[in-house]
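See the structures that follow.
Below are two complexes that have chain A in common, paired first with chain B and then with chain C.
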Partner chain A sequence: MMKPRHLLDRLFILSLWIAALIVITILAAIILYLFSKGSSFISLDFILDRPQGSPLGSAGGVMPAIMGTIWLVLLALLAAGFPALFTAIYLNEYGSQRKSSRIMNILLQSMASVPSIITGLFIYALCVVRLGWGISLLAGSMALALMIFPVLVVSIREALRSVDSQTRLAAAALGVSKTYSLRRIILPQAIPGILAAFLLAMGYAAGATAPIMVTAAAIVAPAPQSLFQPVMALPYHLYILFNEHVSMQQAYATALVLLILLLSINALALYLRSWQERKQAG
Partner chain B sequence: MQVLKFKSDKVDTFLGSLFLVTAWASVLLLAALLLFLLLESWPLWSRVGVLSFISGQVWLPLSAVPQIGIAPMLVSTLWVAAGALVLAAPLGLACAAFLAEFAPAPLTAVMRPVLNLLTGIPSVVYGFLGAAVLVRFFEVSFDLPSGESLFAASLVLAIMVLPFIVANSEIALRSVLNDYRHTSLALGVSRPYYVMRILIPAARKGIIASMVLAFGRAAGETMAVLMMAGNTMFMPGSWFNQGEPLPALIALELGSASPGSLHYQALFAAGLVLLVLVILVNILLSSFLLPKGNEVKPF
Partner chain C sequence: MKDVVIELKNFNSRYGKQEVLQNISLTFPHQTITAIIGPSGCGKTTLLRSINRSAELESGYSCTGDILLSGASMFNMNAYSVRRQVGMVFQTPVALPLSIRQNVLFAPRYYGLRQRALQDDLVENCLRKVALWEEVKDRLHKPASQLSGGQKQRLAIARVLAVKPRVLLLDEPCSSLDPASTERVEETIRGLAAELCIVIVTHNLAQARRLANETAFMLNGQLIETGPTENIFSSPKHEKTRDFVTGLFG
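This part shows the complex of A and B:
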């Protein structure tokens, strides 16, 4: 006969196992379900074709949406990349002990918590209306840039932080200038982590719908030709396909394309990050 | 020492100030954002007044006698977010405790990257699946005319924030000193007792922080609520009513509001309310809950 206390202990551990199992099951089910529903509608034609049929999108493919998303994301990275890199370097290599850095950290955290629709709202007022860019590729990529900026800073800083601080001290002790040690010692070691940060930000931007919905997206548009025209984008296309009852099949296929795209970007980022960690440890 | 100053000193100073200026300029975009929302909504505040804007029950910005109140939307926002947290918090915390204390190492090695990967699924995919599967399921099995509700939205938001709660709570649990574990095990305390009475209380700040962060994310999330909450503008009476949270309101109406109109100003005012809500939560978080240098990873 087991003591009740031991029985309770066993039950407690069992319930934790169940909780973990539930979490993994839910998340695995989502992915498996999408694959089972969407994979039969995906073909090379679907990826390479324009949306066709009536209502438009009920047949054909998603090529302009893929191109639109790629352009939006690349322009956003271009705009946010250097400021984020500089901010992360400043926070980690120059100002980590200062009081002002603490304020900057709080501001960054607040920035990261700004809802993406608010970023869209801000860019809508500033770029679309005040600057007169209209609903456009450029405005959308600015909204995405503002959204990914804090994410980029936080993960680039992680990458810099994981560089062994002994090398910094050694460089300083040998009288190596700050610039030289940054360029030749710290950045090279942090490169995989910084790449991972950029990839994560790319994935985050490619999946975001709310900010581009109000600043850049069109229901139908050709592949981007100008910075000042609206574009199609994969996540918004998915929303339209479902919400306007265009086609469930096309919606499942689009969702799967988006999911595969984002999961592979994220997997690559996580691999790069763990590779850097292993290299640092070994 | 003047002799020893080389050219590199100038480069150093230049780069140092370049980094400093870029950092501050970028971070101060947040202030610009706040200022802009305030600027665009300014005429409305003086016309309607803060209190009646927040507590007003009717949203008719386009009628001849415009009535502008966001109480139903604000309540919907709080309701979906709090509901998501209620659903996700126990499961997330249990999962984090499992990963930090009980899971066999190979299982942890698989689960952590998988959870990390899942944070990359975009909200529109969650919203789409929720609306296509979950809402349909509610309609069929409970014989409802419409399966959309605040509850359905909360359910999907809960799944979305789960990976974040697990990750941040696990970090909090792992940052508790190992001495506690050694001491309690040496005293013959059982591991469940150790987890419940020592580990979780010791890590409570970080755990609460992860929950608050999840609340903020859920409150600001657009696509999932837009596709699942039902988008009706009545004051929700219960979790199972429909509603239209603030992000959905903005996403739906911004395109049709002509710039400078009362409608336009009202949407910016609604955005400002949402932003202030989320940022207040965040500032509370960083100034009271978190010890120095132990900031939660937002992503």
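This part shows the complex of A and C:
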């Protein structure tokens, strides 16, 4: 006869397992479903070609959309990366007790809770119309930058925070400046985590549709050549293929390409995170 | 009588509303090992971190009263320069995530030591003082994280010695070490007493007795009794001190 406490423990752990299992099953189902539906339509041609056929997109491939997404994401990261890095360093290393950082925290939380379509509309009003950039790669990446900024700050801060506090104290007690410890100890320890934060933000941006819908995306466009021209993007292309009933086959194949892109980015990010953990353990 | 290096005058400190140290007046002489003993939570770590001015890095910390460093109030000095002159080694052995050599050179490089030959000398010199040189001289460029706990603690002392402090504060330096490592660290501390003012917090009363010339007993943030170690242990004046050193509470 088991003691009731142990029984409760077991039941609790069992329910945790079941919950996790349900989520994992759903995730696996999505991936398997897309693979089974899409994989037979994916070919080298599909990846390298541009959309063809009539209606456009019913044949051909998705190369301009892949390039468009890559450019959008890289520019967004370029625009948001450094400000986010500096903000996170300030919040975690310099201002953690100050009033300014408490205010900044509230701002970040508000920013993170702005729906991404509103971010898109704001950039539309400001950049596309007011500044006259037009529907363009640059405007789209600004919208994405605005969207990923709070996420970046939070996850970079997490990477900095996970640097051992005893290590920080041992360095500070030697009378060296904060900036010196940051440069020689804290940042090197946090680098894999920071890179992982960048990657996760890239994945987030690559999958977002709403902010680019009104700022950058075109139903059809060549691979990006200028900052001030509209571009294609994978999630938006997928939306069009599906919504306009262009071609379900092409839609599945596009979805699969997007999924593989996102999964590989996330896998790399997870690898980097575990690298940081090992670095700190060893 | 030896020169007084650190002198606390009616020193109080608090974290937020909680008073941690109350009206402490205490002196630490040159070339002397002073042990600070007292039950857990009585404020020993806070006392050391106040003297090193690293307690100020914690949120909510504040203090009143004065601490003199070689006769001058340390609160009129630059906090960084105080930390450099009053080195502190913490309870958990910390190896900075650098090579063994760069651990020793961490602070000296910040203070401008660039010349390779001088760096080499300093590294060897400091590692010899903590009796670590023979053990690590062939792997100076290996990550310090590979060292054992006892070796890390001696490396931590070497790292502090590298900026030539006047005072060495040790917060339970042996609490996570085995007896053999403890003995080596104690040897090191004894050797350093010839040139430094040393303050060691310890829960190990036998260690205080073995090492310290002077002993101070603290209770609930107050200094109860201080004097030559033998007196504190064999003929304490205060009843509380007697109870503590005979192991009635702790």
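For this structure, a couple of remarks:
Please note the rule applied: the second predicted complex is superposed on the first by the 259 of 282 C-alpha atoms of A that agree within 3 Å, B and C clash if a C-alpha of one lies under 4 Å from a C-alpha of the other, contacts with A are read in each partner's own complex, and residues count from 1 in each chain.
What we mean here is this: a residue touches a chain if its C-beta (ideal position, glycine included) is under 8 Å from a C-beta of that chain, and two chains touch if they have at least 3 such contacts.
A quick note: this is a predicted structure, and the numbers were derived from the prediction, not measured.
Taken together through their common chain A, the two structures put chain B and chain C side by side without a clash. By the document's definition of touching, of the two partners only chain B reaches A:243; chain C does not. Chain A has more of its residues touched by B than by the other of chain B and chain C. In the superposed model, A:180 makes contact with both chain B and chain C. Using the contact criterion defined above for the overlaid structures, shared-chain residue A:22 touches chain B, although it does not reach chain C. In the superposition on chain A, A:7 contacts neither chain B nor chain C. By the touch criterion stated above, A:32 is placed in contact with neither chain B nor chain C.
Once both structures are fitted on chain A, no C-alpha atom of chain B lies closer than 6 Å to one of chain C. Under the contact criterion defined above, the residues of chain A that touch both chain B in one complex and chain C in the other are 177, 180. Residues 49, 52, 54, 57, 59, 79-85, 87-88, 90, 92, 94, 96-98, 106-107, 110, 143, 145, 156, 159-160, 163 of chain C are the ones touching chain A in the complex.
Interface residues of chain B, counted against chain A in their complex, comprise 6, 8-9, 11-12, 15-16, 18-20, 22-30, 33, 36-37, 40, 90-92, 94-95, 97-99, 102-103, 111, 113-129, 131-133, 159, 162-163, 166, 190-193, 195-196, 213, 216-217, 219-223, 227, 247, 250-251, 254-255, 259, 267-268, 271, 274-275, 278-279, 281-283, 285-287, 292, 295-299. On the side of chain A, the complex with chain C involves touching residues 96-97, 164, 166-167, 169-177, 180, 184-185, 188-189, 279-280, 282.
Put simply, chain A touches chain B in their complex at residues 5-6, 8-9, 12-13, 15-17, 19-20, 22-24, 26-27, 30, 33-34, 82-84, 86-87, 89-91, 93-95, 102, 104-122, 124-126, 129, 146, 149-151, 153-155, 158, 177-180, 182, 200, 203-204, 206-210, 213-214, 235-236, 238-239, 242-243, 248, 251, 255, 258-259, 262-263, 265-267, 270, 274.
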